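These are the structures, in structure tokens.
Okay, so chain A shows up in both of these, paired with chain B first and chain C after.
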Partner chain A sequence: MTWPAIRTILDGAVVTAMLAAVSILLSLPLGLLLALLRWRRVPVLAGALAAFVSLVRATPFITLVLFVFFILPSAGIQLDPVPAAILALTINTAAFSSEIWRAALQTFSRDQREAAAAFGLSERQIFTRIVFPQIWRANLGPLISEVTILLKCTPAVAVIGVVEITRAAGRVGAETYEPLPPFLVATLIYTALIATLVRGQRVVERRIARRYGVTR
Partner chain B sequence: MAEIDAAISVKGVCKDFDGFEVLRDIDLDIAPGTTTCILGPSGSGKSTLLRCLNWLEEPSKGSVFIHGKPIGRIGTAATARPMARRELATARTSIAMVFQHFALWPHLTVLGNVVEAPVHVLRRPRREAEAEGRAILSRVGLAEKADAYPHTLSGGQKQRVAISRALAMRPKVILFDEPTSALDPEMVGEVLSVIHELAKEGLTMVIVTHEMRFARDVADTIVFMEGGCIREVAPPQAFFTDPQSERAKRFLTRH
Partner chain C sequence: MSGLLAVWQSRDVFLWGAANTLLLVLGCLLLSIPLGILLAILLTESPGPLRRSLAELVDLLRCVPFLLLAYLVYYGLPELGLRLDPWWAGLASLTLYTTAYLAEIFRAAFLAVARDSIEAAHAFGLSRGLLYRRIILPQVAITAAPLIGNQVITTIRDSALLMIITVQELTFAANFVSANTFTPFAPFAAAVGLYLLMSFVIEAGVRRMERVRKVRFG
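== the complex of A and B ==
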């Protein structure tokens, strides 16, 4: 492969990494917020959010991307391809991760929560000081899996014209009539990205285990 | 005893879980500085009563006063309103609790568990709270465990941490719900002896327990419950040697 061809794929890799990073940073807290609002059983809102989460979870990701890019404008929300891609990725991962957070909230030790309340901690303090520091650690594995799924969803945003790794590799393949090398490079980059995530997860998990023993 | 003088005053407390009556019209006054042991068969409502004292359980009727101040609900029957969460949290700071299953916070060190509420609820300076926390831990024989995490401790040690966590609040009242029931037999003694020491110091303590000998030694007052009612309130000597009710007699022959 020529250098410009490799450059094209690397540019795609930067776009993929950026899309993934921004969507992760937005979607995990948003998923937690959705879970908290549902868990609090705020009357109408909790039901609406439950329906929203089910709908997003049932929708193929590519359909969600098309919806955000082509249908939202008719509701007055016009987005460029990259912001639209980020929005779709964020909604999708927020919905899936909210289920992880929700399960974590539901199964969190009632004893610990009661002890905190008995000692005068406020609802907010119970969450920020007792619950959250434990549930993110205990659910690091499932959350990282969600993130790797997010990464694997990114090629779908090519349908609205975002040039990420896979799309870039496809272009190079079409121009050189040799599709194999660019796709090998693309695969290598995906593998490196996911390996980095998993590696990070291992390091954090090992530190947690050393300090607190079992995390669950 | 007037409710103003009592450390804890319970007036007409009833509690049902979905129509199933667990506490029936409980009245009880507990004098400051005394140790009260609540005895009774399992399912008689001992834990529920204890949990009503700090409003972990909300009575369906009645009121609770801690040193004359109402907790959980303010005003009498007709005009009663629930306390705001913040008020309730504040009221709870004078009543500490020790749980059957310890309920330590596993992500905090032993010292972290002890200073959590003093620092974040009472807003004491961390340095000061930690110094006091270490002093309390050494009193219960756990000075060298201050920086350990709870999962590395034995059950007896965990319960002593839980007691330290309670003491660190400088509470007026400490509630114990079967503090030794989850322990291996060889660890019961170390926890009971710590509680016994505290009883000599003028704290007001209410202890639900199945340890009859301990209750006899430590209590100023025995409260015997059965079927959601208080059947007997007596000094230990009287209760253990000459129980008045048939039910208490039967209970004592079985324990």
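== the complex of A and C ==
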């Protein structure tokens, strides 16, 4: 493989990293919001959200991508490939991470909530001061796993024409008639990205353990 | 309405696609469950160096996106002189990928089996084969059922990516019908409905296993 070919794939890696970063920043808070709405048992909304989450969890990601890019336009929502990819990634990860947040909220210590209420903290203060700081630390592992899964989902957006790692590698392969080397390079890049995330998780977990004692 | 009609008229395409998805997933499970158990046994029992290199291999496989693995198998095997058509390449990559995840699930479940039941089995002089068959695996099948169920649903979802290497599974069918009938929505709704149905069946199976667990272990 030539240097320009490797450059093409590395440019794709920048796009992949950007897609992943934006989708993470959108989907983790959205997942938390979904979980809070379901936790509060808002009558109709909670049921609708539960149905939405199980629908997304059963749908293959690539089906979701094709749906957002090819089917939403017929409902009047026309998106370019990159926004469509971000929307699909966000919907997917929000649904999956909302289950993590929801389990965390359900198992959160009742004593602490009642104690906080007895001290006169408002609902909002209980959440921002007591509940949230604990649940994000205790669920860092599952949340980072969700992020690595998101990263592993990104190759699927190549089908709608986003030139990220996989599509860039495909292009290089089509030009040189040798698809294997570029795909090997692409796999190496993904592996490096994901391994870095997992390593980062271990570091943060150790820091948290040192500062706050072992969580859970 | 015209959408529903289009789906009904091309039901053969959908059934073919759904059958292919099911066949791929069932074939994959038939291969990867025994392989996963075997790999998990090797991961717990084999001597140091072999165990460490197998653990590295499993970790590596779990870092690779499935689509890339499918590409590597599809384009890589011909280089090794093995020419597979897309369907078989798809099955091979799906099996390889799922085996790595199942091995991790089984390994964790092996570790969770109560030590005293294993020691009791040793005391009764059970051979290693009998120990796994009668004591460990039945408990593992029950305790790991929810995780295995999740993995099966993930496998169904991953199998959709095989449309990119032109395997004619359910998403391929939906895309095909959608592009050919100019009724974009209904074919995808039908495909999502079928995926939902598959995941309901698996969740029902997991719930049944959980009832068994409650009856046996309280």
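Quick note on the criterion: the second predicted complex is superposed on the first by the 216 of 216 C-alpha atoms of A that agree within 3 Å, B and C clash if a C-alpha of one lies under 4 Å from a C-alpha of the other, contacts with A are read in each partner's own complex, and residues count from 1 in each chain.
By our rule, contacts are C-beta pairs under 8 Å (C-beta built on N, C-alpha and C of every residue); 3 or more make two chains touch, one makes a residue touch a chain.
Only a predicted model underlies this, so the values are computations on that prediction, with no experimental measurement involved.
The superposition on chain A brings chain B alongside chain C with room for both. In the overlay built on the shared chain, the residue A:F61 is in contact with chain C alone; chain B does not reach it.
When the two complexes are overlaid on their common chain A, residue A:L150 makes contact with neither chain B nor chain C. Once the two complexes are laid over each other on the shared chain, residue contacts for A:G120 go to chain B alone; chain C is not touched. Applying the stated contact rule after C-alpha superposition, one finds that A:P133 touches chain B and leaves chain C untouched. More chain A residues lie in contact with C than with the other chain of the pair chain B and chain C.
Here the smallest spacing between CA atoms of chain B and those of chain C, following superposition, is 26 Å. Once the two complexes are overlaid on chain A, none of the chain A residues touched by chain B in the first is touched by chain C in the second.
On the chain B side of its complex with chain A, the touching residues are 54, 56, 85-86, 89-90, 92-93, 95-97, 99, 101, 103-107, 116-117, 120-122, 149, 151-152, 165, 169.
For chain C in complex with chain A, the touching residues are 60, 63-69, 71-72, 75-76, 79, 153, 156-161, 163-164, 171, 174-175, 178, 184-185, 188, 191-192, 195-196, 198-200. Considering their complex, residues 54-55, 57-63, 66-67, 70-71, 73-75, 148, 151-156, 158-159, 166, 173, 179-180, 183-184, 186-187, 190-191, 194-195, 198 of chain A touch chain C.
Contact residues of chain A toward chain B in the complex are 109, 111-112, 114-123, 125, 129-130, 133-134, 137, 211-214.
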